[in-house]
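Report on the following structure.
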Amino acid sequence: MDTAPSGFAVAQVACPVLESVAVGQRYHRLVVAAPGLAARTRPGQFCHLLCRDAGGSGPFLRRPMSVWRIGADGTLGFLLHVKGRGTAALARLRPGDALDVVGPLGVGFALPPTARRILVLARGVGLATLAPLVGSGPQVHAVLSARAPGDLMADEFGASSYDAVFDSDGSSAPAAVEALLRRRFETERPDAVFTCGSNRLFLVLQRLAAEYGIPGQVALEQQMGCGLGMCFCCVRDIRDEAGHISHQRVCREGPVFDLQQALAW
Amino acid sequence: MDTAPSGFAVAQVACPVLESVAVGQRYHRLVVAAPGLAARTRPGQFCHLLCRDAGGSGPFLRRPMSVWRIGADGTLGFLLHVKGRGTAALARLRPGDALDVVGPLGVGFALPPTARRILVLARGVGLATLAPLVGSGPQVHAVLSARAPGDLMADEFGASSYDAVFDSDGSSAPAAVEALLRRRFETERPDAVFTCGSNRLFLVLQRLAAEYGIPGQVALEQQMGCGLGMCFCCVRDIRDEAGHISHQRVCREGPVFDLQQALAW
Amino acid sequence: MVRLATRIGRLTLANPVMPASGTFGPELAEVMDLDRLGALVTKSVTPEARLGNALPRLAETENGLLNSIGIPGKGLDAFVAQAMPEWRRFRAPLVVSLSAPSVAEFAHAAAVLAATPGVAAIEANISCPNLEEDGRAFAMLPETAAAAVAAVRAACALPLWVKLSPNTADIAAVARACEAAGAEALVVANTILGLAIDIETARPKLGAGMGGLSGPAFKPIALRLVWQCAQAVGIPIIGVGGISTAEDAVEFLMAGASAVQVGTASFVQPTAMLDVLDGLVAFCTRRGIGDVAQLVGAALPRERLAAE
Amino acid sequence: MVRLATRIGRLTLANPVMPASGTFGPELAEVMDLDRLGALVTKSVTPEARLGNALPRLAETENGLLNSIGIPGKGLDAFVAQAMPEWRRFRAPLVVSLSAPSVAEFAHAAAVLAATPGVAAIEANISCPNLEEDGRAFAMLPETAAAAVAAVRAACALPLWVKLSPNTADIAAVARACEAAGAEALVVANTILGLAIDIETARPKLGAGMGGLSGPAFKPIALRLVWQCAQAVGIPIIGVGGISTAEDAVEFLMAGASAVQVGTASFVQPTAMLDVLDGLVAFCTRRGIGDVAQLVGAALPRERLAAE
């Protein structure tokens, strides 16, 4: 456990697993004890996880995972979509096993200091990245998009005020979400908007936020090697204020970028 | 479990581990359920074991291991010196885990049909290879050599009649063992002799058996790749009747060789 | 039903899965049905009897294996007299891997094999040291590779496969030279040179010092070599290097191999070749692929495919 | 007390452990104390700004990593103006890895670095494509390697290390050519070309197609290259390829390397370099070795040692 202050901003810590539970059909919840890390982690940051089960099996590289819960009790939570070899190894961890965590990493969300009301638009497990905004100060309204009601994970998100949209009934189609967002922007205009998890929804939100003049941010994903800014594997196209497009590292300049500066992926 | 007859002399079988117990400081006992294999295995044969613990960790290649127990109840036993990465992985197996076994392999002991009394000379875990001779027909007298009394494993060997010699009191020195063997050859001359586990004791026995005209065999060890005779990694120098020395495969022509034909290693 | 028959030059194999030379023998018939294989490939045969290299001959690395066996064997005449009768028990075409220390000996040995009933093809293992060139492997340079291949070609009319080495700067050039010299197929590739040291004794782990790396660790390199050769020549390629699952085999087919050989994997899973074959059928079935040949070269750059 | 100081040509390093180019940056100072390293090695700098290769740029293999990053960067002038001030914060000697598409550009860039305060040595990364030679890497042939090295040597007086490529037929010949052309040390080796294919899409897993293999899977090959170079040249060798533990580093030292670089391992264990360093001290202590230099070349064939 990382109780000793190391003097370094980023630590590699073997964290005892406290909870490891399947969520629905495709997701998994991991909670570990990591007091030092938890104290330093800000919403939107991520950790780089060594995906080795108790027997040491797992892929070669680490996997980036947003911090989904930053517990006041010194715990860190991750919510994962069990997708490939790495996340499958994570899902095999059991309470008492150790999870090797490097973090906290990247640049988290920046709430405008005056923001009293924010809107978050999350697709699927993208809500894990946005969840720490709940309780960070402003009042949060969420629009949660999922394949079907069984995949929603509204409890995992934790906001009391949300709209849910689904592929199964067509309500998650970009046009439908646009209509929904317009209604909210007209009636309860947020001071800032945040999104994660869907390129299509990002594009809708980017356009509407520009139209309404609402500042916003998006959390991007990209395959990572080092997670520390050294390998240039994780770049995305980002447009600066002058309109110049350059590669920015998701692990270092991101994962959170200005909503208008990020490009579709 | 390999209950179905495959039609092939050698099978690869995932065998449930029944027993996995440390023996003293450096040894380990593994018993697995393998009815088909057990029925086909002869004393002196070996199996090629995939050394992966329950989490899948272990070295790349299999490891050869003599069959130490051939249970009438369809079990196979292995007795191992926990030495390196492979044997350490085997020692981590727990009852209920599966052990992937390829066998039975190699040429086992050939007892002269008229043998009524045999002598076996074993050093250390070499007794595992010789143990199935106990109960194979003739009366067995053993000379067991070990570092110290705590390493002897006389129970694991199972013969009621034995002499024990130790490094700790000097009784295992070649000259002392030679004297002991001479006494037995004079008083209770065996019809055949067998040895495994020590080059020095092999040389003593080879010389004495030649002198007394007693036939014998030695079980050799050598690093293995395939265990099946295909890779020529496991060769040892063997002299044929005509005195011509050639490489023979321990996995195929052996592991048991004629005592006089084998060369020191 | 998935069509598995595979053409390698003049030979049609029942399926594209076969053993890699030196990792296979008739002994495997004790574990599985060898008649299910697309071909059988012998351990390399040399003109003269050889003892092989100093022991130890194998060392494990991370997910790989170093070997310096050194082609021990009783020599060509003993092979023809003693081993061939045993090989003739099996149904699949027999490919004899041939290795020799000089161009002339390659030619002579090829002529002997041409006169031996039951040999379906020669696989010229030109990764061995060329004693006329300071012990460098024939396969290291296009010229020396071509010389060995041309000699075998001239000496016999059997289907001729040539096994290339990764220990070269430009595999495509070697591949083209072999094609031009008469190779009907390329086997890509032999092991790549590696080393492991026992730090307690400060000696190489292999008796011979360096050895050839094979197994999963080697796979990305072998796959790249196949991909480069497939873009360089028109003759079929047989992919080999680290294949232990059907997925591995599909990668090699997609990289341009028409068939695959399985080597080291058989040491760990004796039935690996059948697992690969069964898995290949399952993959094609799942993906609605009716003929395994459809996979061949599927991942090659489009330009190449368009040009064909 | 174990003596760790290591001479590499004109430079004396506090210890023999440093990062491998392209797998390291000042960012690592957030995780560990960079002043404990024997040297710092920058990502390769190119004369011109470059975007780098198509994504994805990494693919995992069995115990290895394929990369096709493509040396993205802002170019030499920006490096001198923006990156150098940041590097000067650290105590260990700074080795700037330099890559260029032609001999002339190698020379020009070397002259610029010679005029830049704070550069302790140049590591010429000659594994990059030579645009004057059809895109083949300089390091593929002795002649082209020597031309690049000689140009850098003539253009600047800085200590000059040269990083070799495994993608050559005869590393010893390349090593000798570089030594003759003025290299003061050889860094052995860069990644070896590999490929991985996504069998669901039938496309290479890397955006650029092929990539360089690094990590534990590559270790036996890199170790062999070091061993071959150590027997070919008299200048010091810096071993790199798959080192992730102190035991790995000891193998490289025993194979003839005077120092080691750690690359991919830092992705998995950010403090890998310090773990290697601490482990090296522990190994020497346990074995009663007072100077890490005693390990260097300990496993080389005796003839070689006797001749020295």
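We call the chains A, B, C and D, going by the order they appear; numbering starts again at 1 in every chain.
The rule is simple: contacts are C-beta pairs under 8 Å (C-beta built on N, C-alpha and C of every residue); 3 or more make two chains touch, one makes a residue touch a chain.
No experiment lies behind these values; they were computed from the predicted model shown.
Of all chains, A has its CA centroid at the greatest distance from the CA centroid of chain C. Taking the mean of the C-alpha atoms as each chain's centre, chain B and chain C sit 36 Å apart.
Look at where the CA atoms of chain A average out and do the same for chain B: the two points lie 58 Å apart.
Distance between chain B and chain D, defined via averaged C-alpha coordinates, is recorded as 49 Å. Between the CA-based centres of chain C and chain D the separation comes to 33 Å, rounded to the whole angstrom. Chain contacts: chain C has residues 61, 63-64 touching two or more partner chains. Interchain contacts close the chains into one ring where each touches exactly two others, per the touch definition above. Checking each pair of chains for touch leaves A-B, A-D, B-C, C-D.
Taken in their complex, chain D has these residues touching chain A: 22-25, 27-28, 30-32, 43, 51-52, 55-58, 60-61, 63-65, 67, 69, 72, 215, 266-271.
By the touch criterion given at the top, residues 8-12, 50, 59-62, 102, 222-223, 225-233, 235, 247, 252 of chain A touch chain D in their complex. Those residues of chain D that touch chain C in the complex are listed here as 61-64, 66, 136, 140-141, 167-170, 192-197, 199, 202-204, 209-210, 213, 216-221, 223-224, 227, 242, 247, 250-251, 254-255, 283, 295, 298-299, 301.
In the complex of the two chains, the chain A residues touching chain B come out as 53-57.
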